[in-house]
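Shared chain: chain A. Partners: chain B in the first complex, chain C in the second.
For the complex of A and B:
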């Protein structure tokens, strides 16, 4: 039997995998979890991405008695694979690093039946040191994952350009809008942000608290694109998009990369990792040393706090099917909290003490015009808790509605009705009551 | 006469230009792919499109790929060879035997079998993934090499091609002569039909190898252990797990960037190109066999 060749199949995989997962659920009664006693000698299968792999190997080296098998996996296949394992009754990874934090909602649901509550497996003081970072891991009062890193949004800006133009860094979104109008008039061709990519959700809608994933109870969610916290985002961005100071493209599109290389990006609201991985690399904006700075996120009118969104931030999970849950939880805890490991991590650690170690190593990076850590640290505790992880994702719906409208020359507001319809349908398809 | 044949007319020039245009259209992406791993990620993004980087950079890209997960790439390549060759032997063997039987014997239900073979060709392969997975799971073979190799035995395209080949290219008189000489049915196949079917087998082997070498979805579903992946699934995992082609994946210090991904693409394609060169003679003969009847 011949199955499709690589490129075509890659494109077809998400759709087919989703169908496959549903079909498997339909014909399987769910895997039995069993209540066997924990075996501290049971071997542990670890699934990770390549970035976290050396740290897992370091754990193995430091703990040679622990029987571990460390494998990388295709993140796009994760949910399908878990469904397949539920069917075969074996194969689940004992410890899992998942780069898509939203998937904790699926993995802890009855449908996937994978994530083990960690409340009793991770010491209370360790849980406390995470501060608010594990908020998204807590579902119906149970802690289902440990956060590895945070992708809190901050306001990146070119300090040199701001000085040359004589502008002040905005502290509120109203000031941001006013400055945008000024830039459009005085320095056409420069941009202060982007709206043509799915990250517009994290950078603006989530930060504003627009209810697209607002969990109001078990299997209950609020989705309301007409909420004032949504319309204030479209009211802010649409005029700036119209004037050309907020790009219709995304931060990784060629035209924005070109603007970056030409030093025409005055400001960019974006994730904490943008500095090192979007502005700095030669293959990206390649901004020269001593220009970039990070400011706390602007505050929405009427809010007392400068809420951020969160563009990712990986999580560690433990399998409820594991025969060695304590051993698995110990690995997950070490990975998320060890200061030595996290100090070398590429992105901002979620665990408070580890974040201190990480920050200490980066405070003097000459790439930045001034130390960006205070802004990153301030926003780490300000990821808007209004939005939560849900068993449905919002990225595809955002891409297919508001982003599609903006990229086609329209406005964000044009896509809000479709967004409401798509998200409602998605939420209901996985069993949420939408209110 | 000769000068007339070579005279450049406007029509001839136009034809040449159109053909040249198509040639450039086809060749440019291939040349780009060959050049890409010789550059750094930054050169690939902002350097001249068709420029050559350096052999040092090519070696660095190869080293980065080979260093990935302690050289698991070599294991994936070996798995690919095992799965592709195993599937090839099974699919060519089963389809040639089945096609021969359908062409020269009067099996009961022969017509029905032929119709079912055609229907089998029309069923989208992805539609069979779930039943196939359940079947393989029922016999406890998921996550084994056999879970990828065994389904190759179902090769309706090869069976039908073999049926047409034996029906049109093999004189019935030869078989009758063989029977008169005392050959058994198995002997007839082995000593008469098989030698005549060499071009057919070359053709089927090539198609089978290409399909199995590129096979993505079946191993993607059947195999859960990284060390058992084939190259397409493994390299797919490398690419999806790094920001190389998807910067939205976030921060990573991994040296897997666009040049490494381009090199990975070449690694997958190269064996097919080599096999094509060796099979070319059979391909042409196999395709033309049966096209005309003397």
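For the complex of A and C:
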């Protein structure tokens, strides 16, 4: 309500934008099909976040002949922008870094019609070296993206505290729960994890293989919050939340940050990037040197493997509308696989050989009480393949149901029925069959 | 007759630029939305006729969003009307340098860009960063999620919308009161009316058309509530949802799932609601009646 005469104007922005987008459809011919031959000299538009920007610039420097334009973009508006480009028939970035890996399912769908299959554009041996890392990029047999980094979950813990309290690092979730009860009794005020943020999906439900996003075929998904693999998560966490040892807030909420600064976080199941980006920074938990360590993820009872979830892990995509697909794919491949670039990357590289170079650089970081690399490496191959990417986001439904219940003082179990209903409708609204 | 016709043409000339803009950015898109809502299919298949409307009304996100917006309006509109009028009357009662300063003070929050204003409000309400942190904690709000709990959101949005939006209307109401002839007020004073009686029985009836104008425009604006819930969810990542309000839901449909047909139905539902409300206000009151009609 900025201008009194047109108070509706400010709120009407999205409506107007939608209207314009629709009007533009009418004017533009359909999207280009990309059937034209590849032009190796065609200029390439690169969209990246600011973290990856210097690496793209390094590529430009090393390859001055390639005509590149590197731009940063607003991640929240990506799908909107692609929709608009589809309607105007131009403007797509040729190479895209996307920090939200789930979006590959949308971007490769008929509706968005953006992602170029890379099977023939990236050499087979390079594809092979990714191991299982590109699993989420492969949809209906086609490789639609290259994974930049892995966000496999590990069990972060404060080694100094563990020693002081005389506790053993848990190897199974049952041990984790038992230790939680002990902490609640012997050291109230300390926490062993958080549940009040959407990451509860990645850290626990995904790792357990709870079918929330289990893609069973093209446009088919299994959603079953009553599955024992779901209820074992709520059965594990709800009593610990009740006791206060698993926080009702999220890892970035002010009260958890305060606990971090007070060195009251005994353990925290979380992504591979928590060490450098959640525990280390001054503005975050600012844990002193020589305390933090990473352990392999605990195993769910009945499972033979210690499955991780995955909290993010960026991807590189190439536009199917690009006039220079080979050039675009070369940039994406270099960004994802170059050992020089990836060794300096802030997060755990998805590309096996680059991960070695990355690990070598970090093995003796004095911030860690012991080398975290073995745990990170062990979990890199153990991201639970049960969950996959879907053409609709699940995070908002997680936030609106189980997370909302926990934050408001209830239990995760309270929100499971709503979660089932919301995910089912979300899936159906974009044409998935739910089974 | 001829002079009357000339008057018509001059009038048309004056409103022509507005009509052009209205057609280009108002009626045109609205007509296209009507077309879209009946013809453009959802990503799930071929929607024709009323399919989009059925899908939208049956969506799990629609009715909660509608309830949120209704509750928002029920709280915000009365606050707007009473608050704006009360402050404008106070300003008008004792014209002085002080009231001039206060007029500016009331106007200032509205002069902050909408989105920036909301960020400002977030910072004031989040106990861990707010300068009023101790006061918030004293009232039992220990964490951000205590403040931004689902049950509080509608109050918070209504409060933000009032503070950022009231200023301009106070200035407009004050302007309207300035138009009240001095002799009318003098006559009222001679008849023994104090400031309160003058306000209620003389000033208010004379500015009632402006009040209606404010209610109609505010209702249309409130129905389209978007920025407040969108930004607060974007910042907190936990308070509300990307489909807390109807306009947000339409935005999510169009741009997250490419369902332009569904989004068009929402914008039309909003359009119909505000038009019906405006018609009711206009026909049930003497908003547009002139001396001749009476």
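Here is the rule we use: the second predicted complex is superposed on the first by the 403 of 435 C-alpha atoms of A that agree within 3 Å, B and C clash if a C-alpha of one lies under 4 Å from a C-alpha of the other, contacts with A are read in each partner's own complex, and residues count from 1 in each chain.
Methods note: contacts are C-beta pairs under 8 Å (C-beta built on N, C-alpha and C of every residue); 3 or more make two chains touch, one makes a residue touch a chain.
Keep in mind that this is a model prediction, so the values were computed, not measured.
Within the superposed three-chain model, A:326 lies out of touch with both chain B and chain C [touch as defined at top]. When the shared chain is aligned, chain B comes close enough to touch A:53, but chain C does not.
Within the superposed three-chain model, A:283 lies in touch with chain B and out of touch with chain C [touch as defined at top]. Legend: residue contacts after superposition of the two complexes on their common chain; A:393 is shown touching chain C, with no touch to chain B.
In the superposed pair of complexes, A:76 makes contact with chain B and with chain C alike. In the superposed model, A:249 makes contact with chain C only, not with chain B. Look at A:198: by the touch rule set out above, it reaches both chain B and chain C. In the superposition on chain A, contact of A:128 is made with neither chain B nor chain C.
With both structures placed on the common chain, the touch criterion links A:305 to neither chain B nor chain C. With the contact threshold set out at the top, residues 1-4, 10, 12-13, 16, 20, 23, 76, 80, 197-198 of chain A are in contact with chain B in one structure and with chain C in the other. Taken together, the chain A residues at the contact with chain B in this complex read 1-6, 9-10, 12-13, 16, 20, 23-24, 27, 49-51, 53, 71-77, 80-81, 84-85, 87-88, 91, 99, 151, 197-199, 251-252, 257, 261, 271, 273, 276-278, 281-284, 286, 311-312, 346-347. Of all residues in chain B, those touching chain A in their complex are 40-42, 44-46, 68-69, 91, 125-126, 128-130, 132-134, 137, 142-143, 151-155, 157, 208, 210-212, 214-218, 220-221, 224-227, 232-233, 236-238, 240-243, 247-254, 256-258, 268.
Touching chain A in their complex are the following residues of chain C: 25, 28-30, 32-33, 36, 42-45, 55, 59-60, 110, 113-114, 126-129, 142-145, 149-150, 161, 164-165, 168-169, 171-172, 217-218, 220-221, 224-227, 234, 237-238, 241-243, 247, 250-251, 254-260, 263-264, 267, 270.
Note for the complex: chain A touches chain C at residues 1-4, 7-8, 10-16, 18-23, 26, 76, 79-80, 83, 111-112, 196-198, 248-250, 253-255, 258, 391-393, 396, 399-400, 403-404, 407-408, 421-422, 425, 428-431.
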